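Letters A, B, C and D mark the chains as written, and numbering starts fresh at 1 in each.
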Amino acid sequence: MAEAAALLEVHDVTKSFGAVAAVQGVSFPLYGGEAHALVGENGAGKSTIVKMLAGVHRPDTGTLRIEHTDVDFTGPADAKAAGIAVIYQEPTLFPDLSVAENIAMGNQPLTRLRQIDRPATHANAERLFQRLGVHLDPTRPARGLSIADQQLVEIAKALSSEARILIMDEPTAALSAVEVARLFAVVRSLRDEGAAILFISHRFEEITELCQRVTIMRDGKHVATELVADLTVDDMIRRMVGRDLSALFPKQEVAPGEVMLEVSGLTREGVFRDISFTVRAGEIVALAGLVGAGRSEVVQAVFGVDPYDSGTVRVRGRSLKRGSPRAAMAAGLALVPEDRRQQGLVMELSIERNVTLPRARKLARLGLLFGGAERKAALTWTQKLQTKLGSLADPVGTLSGGNQQKVVLAKWLSTSPQLLIVDEPTRGIDVGTKAEVHRLMSSLAADGLAVVMVSSELPEVLGMADRVVVLREGRVAAVLDRAEATEESVMYAAMGQGAA
Amino acid sequence: MSRKLASWDTAIILLTVLVLIIASLAVDNFGTSRNFTFMVLDLLPIILVALPMTFIIVTGEIDLSVASTLGLTSSLMGWFWNHGLSIETIIPLCIVIGAVAGAFNGFLITGLGLPSLAVTIGTLALYRGLALVVLGDSAVADFPFNYTGWVTGTLSWLPWLDGAVPNVLILIVVLALIFGVILHATPIGRSLYAIGANAQAAHFAGIRVARTKFWLYVVSGAVAGLVGVLWTLRYSSARADNGAGLELAVVAAVLLGGVSIFGGKGSLPGVLAGVVLLTALQNALRLEDVSGQALNIVTGALLVLSVLLPNVISSIRGNWQRRKLRQSAAS
Amino acid sequence: MNLLKTRELGIVLALAALVLFTTISNPRFLSGQSIRDNLLNTAILAVMAAGQAVVVITRNIDLSVGSVLGISAFAVATMMSDHPGLPMIVAILVGLVVGAAAGLLNGVLVRYGKVPALVVTLGTLYMYRGITYSWAGGSQVNADELPPHFLNFANDNLLGVPWLVLIALVVVGGTSWVMRNYRVGRELYAMGSSPQAAELAGIKVARNLLGAFVLSGALAGLAGVLFAARFGTVDASAGTGYELNVVAAVVVGGVAVFGGSGTVWGAGLGALLLTVISSALAVLDINQFWQQAIVGALIVLAIGADRLVAVRIARSLRKRDAHV
Amino acid sequence: AGCGGTTKDNQSSSTDTQTSAAADPNAKLKEGLKIAYLPKQLNNPYSDVETSGGEEAVKELKGEYKKVGPNDASASSQVSYINTLIQQQQDVIVVAANDPNAVCPSLNQARAAKIKVVTFDSDANKTCRDAFINQATTEGIGQSLAKMALEQAGGSGDIAVLSATPNATNQNAWIEVMKTELAKPEYSKLKLVKIAYGNDDDQKSFQEAQGLLQSYPNLKVIVAPTTVGIAAAARYISSSSYKGKVQVTGLGLPNQMRQYVKDGTVKKFALWNPADIGYLAAYAGAALASGQITGAEGDKFTAGKLGPYTIGKDGEIVLGPPTEFTTDNIDKFNF
């Protein structure tokens, strides 16, 4: 089916932001009826390409061609009119509008008087959700949706416009296996109807499963465009990183120490109920479950950013004041939240201020903070995590998605916690750095750190965890030891009877 | 983005210096020490109220009730004075009352979660109304000369400066230094910017968002109370309508100084320059017999232009760079 | 739409309680003349509040409305006194055009100058007022210089409803309807809810934003005409300080200051509530010195009541989610 | 107050800056005097008429006329303007004080800089000005208001006052006199039911007039001792069902009131000629600056077309009795 006329062509495009050359002379075609993967390390320039295709950025040089005609998008409206639908890396919903309105925005069904047809709007949303297998009330506002649900609404939105060219920037980063499978089914059927798909992901199994062709980028430059069938995963990784990578999950065996965290009977009405588990020093405990099972809510309640109604949280035997992140930090806790844009980072502030935000008081001398102290503190951890950045004084919002995630990690690791809670720690992180993060967590655990990890990536859960606590609909469905935890047993517990 | 901001601050500071130099050279009587004292006295209330207002706007909130708090403390000062309290008691009492008024704002905003714009529009009317209740239509004027004279006077222990340094300038400098250091060189300052730019992320970083905001309103009220006292002493007249409309002048000055109304951005030197610029310009134009109406137009235009020009320049520069890039790629 | 769950419920309740209380202590508060006076007084504020609500919904603000009212009132009054033969409709159109032009300048500066709306409109608040002052130069247009048909417009009615009230109803109702049921309305909500997302969604942000500011300006201009007709005496200070009343009406009416939510008819109710509060205080014979304090306290109370309703709704939403 | 702090009782009184040079009645009026007018606020039609009289007089005196002022009627903005006038070394400042005390320190600074200070319209504290032009005696106006109210009410009934701001010096003084007057036996059937305040804001005054009529169904007369208030009240009555039943009287500008006098809403109101106030102030200022007078009681000077004047107690110069306007004479006035 390949070698048909290219629906869209990226021709020798370049884009710089100040001194950062984000994309340098990249070209590749997108064919109808084909899914095309775009891979590269964090900051390689993938999202920048997406934004040029979406009309958000204008290429500095080079052109985009649709069916062999040059196009010059002056804004997202132009791209949309040209039949391009985009799922951005970061969800872009309207929090005050209902989910159905979010999906319909821009092409709402109209009645004869050009008024909006509300019932039809809702019916559309329902239909799309059914197709994606999502259970969401179309009339609820988008505010307060979990990051995964937001991502699903984004997907529904992109599908609703019935575009010829569908661009998806890490749509699966927040999803678990079940939703990914449903999404792929839908995308395949679109592809078979002749649409061109551009798909970005850091999960290679997804690429081999869905895509026919792959373009590899490194440091803003084009490395290769090949058929996926002609490459192994290792080939791709080698070309994208420029070197070989060692084993992915180097889990170290540790003898667990004293009990660090003891959660018992934790309940928040309508969200989770009767959650109990313990974590010892040196242990990595994973919270697994489907999207919306309530894992994030549990760890947020433990850390004190959310309230809870009953139950207790003890850290090293002493009960922790509820609803106070400051008390939790004083007790040695750290939480890497799941939504880096809303919860993890202050986008307008510089990288160094973000990294040092939780411990600014410790860095102060006589109550005064000097820029140098913050810079030095920030440098250590951003370097350890190989963050790709221009200057530490740049606003964190100018970093690529994966590098932003590294800044969040740096921020919390630099507080030298004794109990680290990570919520989707490697979301959007490239394969090389992911290995680095895992190695880091593992070695920190070996030094006696206790880790609670919420993750939707089953291989990560199975590879890293000493114990897996599976949540289902806000309750503990199973607690599995490392030996018992397999893909089947975790999925079985997560989905309840009748599945797996 | 930070570079653009820096240029806004710097632009205002440079513009201020420029205006001061040109006015001293071109406007008769502008550069005299007496005129300097008049100017300092004119900008005293705006600059003092602008200090906590900057903090509040940096956290993304606003306090429109400051001028009314000022009026309330001014009224109360007159009332207390009529009831025989000593000035030494009245001054701290008024500051505390200002703080209580601020605390009430703070409670409504952080405790009940009401929007600050709405709350402080309400308390703007409420506090001004209470001021009227306290003093009604009367004015109290017989404050002791050693206090009223101090506010309008100049430093006497610096003879070689020949009365060029008004007493209140010391107060302005000390308070501006304290607020400046807190905003730019302490953990509290850092947390204010974080709260303004992303309150949720600040909460996740262990910053006590509500409590911090609450205290900002308390401080804002206390400073408004202090300014109420100074205002009363300067005009030796305690009245319920003192300082009416000051809130807009303060907000205008803070915005002129480069603070973003959406929070998270801005600097105190910029704000100080903004206040000085507005006051100096008005003073110079008045000396040149420019009418009050034209002053309005100049103030408004300055406010818009100060933000507009840096934006226009940076976008022109951006276009120019892009064109250069395209040309070099083509050749 | 479930009426019991709308955000405007709090205002309706506050309004009802206030009217009830005042009427009990002075039954003349519900007399025909009194109701008519209250509605007439609300009309001008409500017209401006409708435009302001639209602007606030897009996460902007228009502080220049008081000055726009002033410039339009003065322009129209001068025109009518110079050419007494002109029909009312011309006066209305001129007011709308003057206001729209002022609004357009605001919008252009906000959108293309990338200057925050608060800064722009605070600036033009001073500028438009300064222009009116310079133009008027201390002169005043008095009722005896204005043609009778212009002054009578404020008192004439259609089927018993005064024209002013009718205009306010049409403006508030029409704007609410468009905001709720038409694409452009929903896009304005979307822009306020998330400006970045609105750009990405391909919404014609520039066009809509200019539209919102032009509407707010035009309605302030219309309010200027109504002001001139109703009050007869117009000088350069007409409408000074109105911006705070208008913003208060909008905010009390449940429009979120950070955009994206609230309704235009809520803002209209807010205007009604504020007007009724001040006239009730005059009727209740409350000490002049207490009046302003009470207005302030009632505004705070009304916002609090509104908040209470909002929290109620949020809680019931969570309960409902929990059952799913 | 036992703790030795500064309280009301133990403060030292401020120094008196009254000049005590002798007057020279034969001194010639100087030419080229810089005379600056500082009304309560700009763009107020009433004070524009006043200062226009001043401009005419300054022209006659061959001096330099100037008018400056704030857009709002606040004392603090007036102080900034006084400071500017000091810097500009004017010879005479003619000021209508927005607050009798708040402008005092600045005015005294001006006098220390050899500037003569004449107040008009609304006086400043007598320790900080050289002369005050009083449009009429407070007693005269208060009595005239009471008399007009009695006539219009037909001898008995409820009356209400619609004043300017609650702390307007003039209005409060007149209202006080009116109250003493009402206590006299010939006024025993008049009942003053309410004093409302329209803040000299047209719309607020309009709404206050509405409120009065709703609250007091038996109201017969609204007395508005302010030009803004009387116009607003007349306008409301003329367009409401109360026209003809409720009378409006007080102090107003003929041009603003002409329509309501003609349509019968208003039968009679009073005012002095504001242009004469400004005119007189210019001559008083010139006489002061030329050394003809010092502002002491008994000093005499001639004020152009207005003729000779004698300075009264506390440096007051009284313009003359107010004029009453009715349908018969209103067309003779144009201000």
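Heads up, the rule we're going with is that contacts are C-beta pairs under 8 Å (C-beta built on N, C-alpha and C of every residue); 3 or more make two chains touch, one makes a residue touch a chain.
A quick map from chain label to UniProt name: A = Ribose import ATP-binding protein RbsA; B = Autoinducer 2 import system permease protein LsrD; C = Autoinducer 2 import system permease protein LsrC.
Since we're looking at a predicted model, the values are computed, not measured.
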item	value
Chain C reached from chain B - shortest hop count over touching chains	1
Remaining chains grouped by touching, chain D not included	one piece
Chain whose mean Cα position lies farthest from chain C	A
Distance from chain C to chain A - Cα centre to Cα centre, in angstrom	44
Inter-centroid spacing, chain D versus chain A (mean Cα positions, whole Å)	74
Interchain centroid distance [CA atoms averaged], chain C/chain D, Å	36
Residue numbers of chain D (touch at least two other chains)	42-43, 71, 166
Two or more partner chains touched - positions in chain B	132, 136-137, 291-293, 296
Chain pairs that touch, as defined at the top of this document	A-B, A-C, B-C, B-D, C-D
For the chain B and chain C complex, residues of the former touching the latter	64, 108, 112-115, 117-119, 121-130, 132-133, 136-137, 248, 251-252, 255, 260-262, 291-304, 307-308, 311-312, 315
Complex contact set, residues of chain A against chain C	54-56, 75-81, 86, 88, 92-97, 101, 105-106, 108, 110, 114-116, 135, 137, 140, 269-271
Residue ranges of chain C in contact with chain D within the complex	26, 28-29, 31, 33-34, 37, 41, 129, 133, 136-140, 142-144, 151, 154-155, 231-233, 235-238, 278-279, 282-283, 285, 288-289
Residue ranges of chain B in contact with chain D within the complex	28-29, 32, 34-35, 38, 42, 81-82, 84-89, 132, 136-139, 141-148, 152, 231, 235-237, 239-245, 282-283, 286-287, 289, 291-293, 296
Chain C - residues contacting chain B, complex	109, 113-116, 118-120, 122-131, 133-134, 244, 247-248, 251-252, 256-258, 287-297, 299-300, 303-304, 307
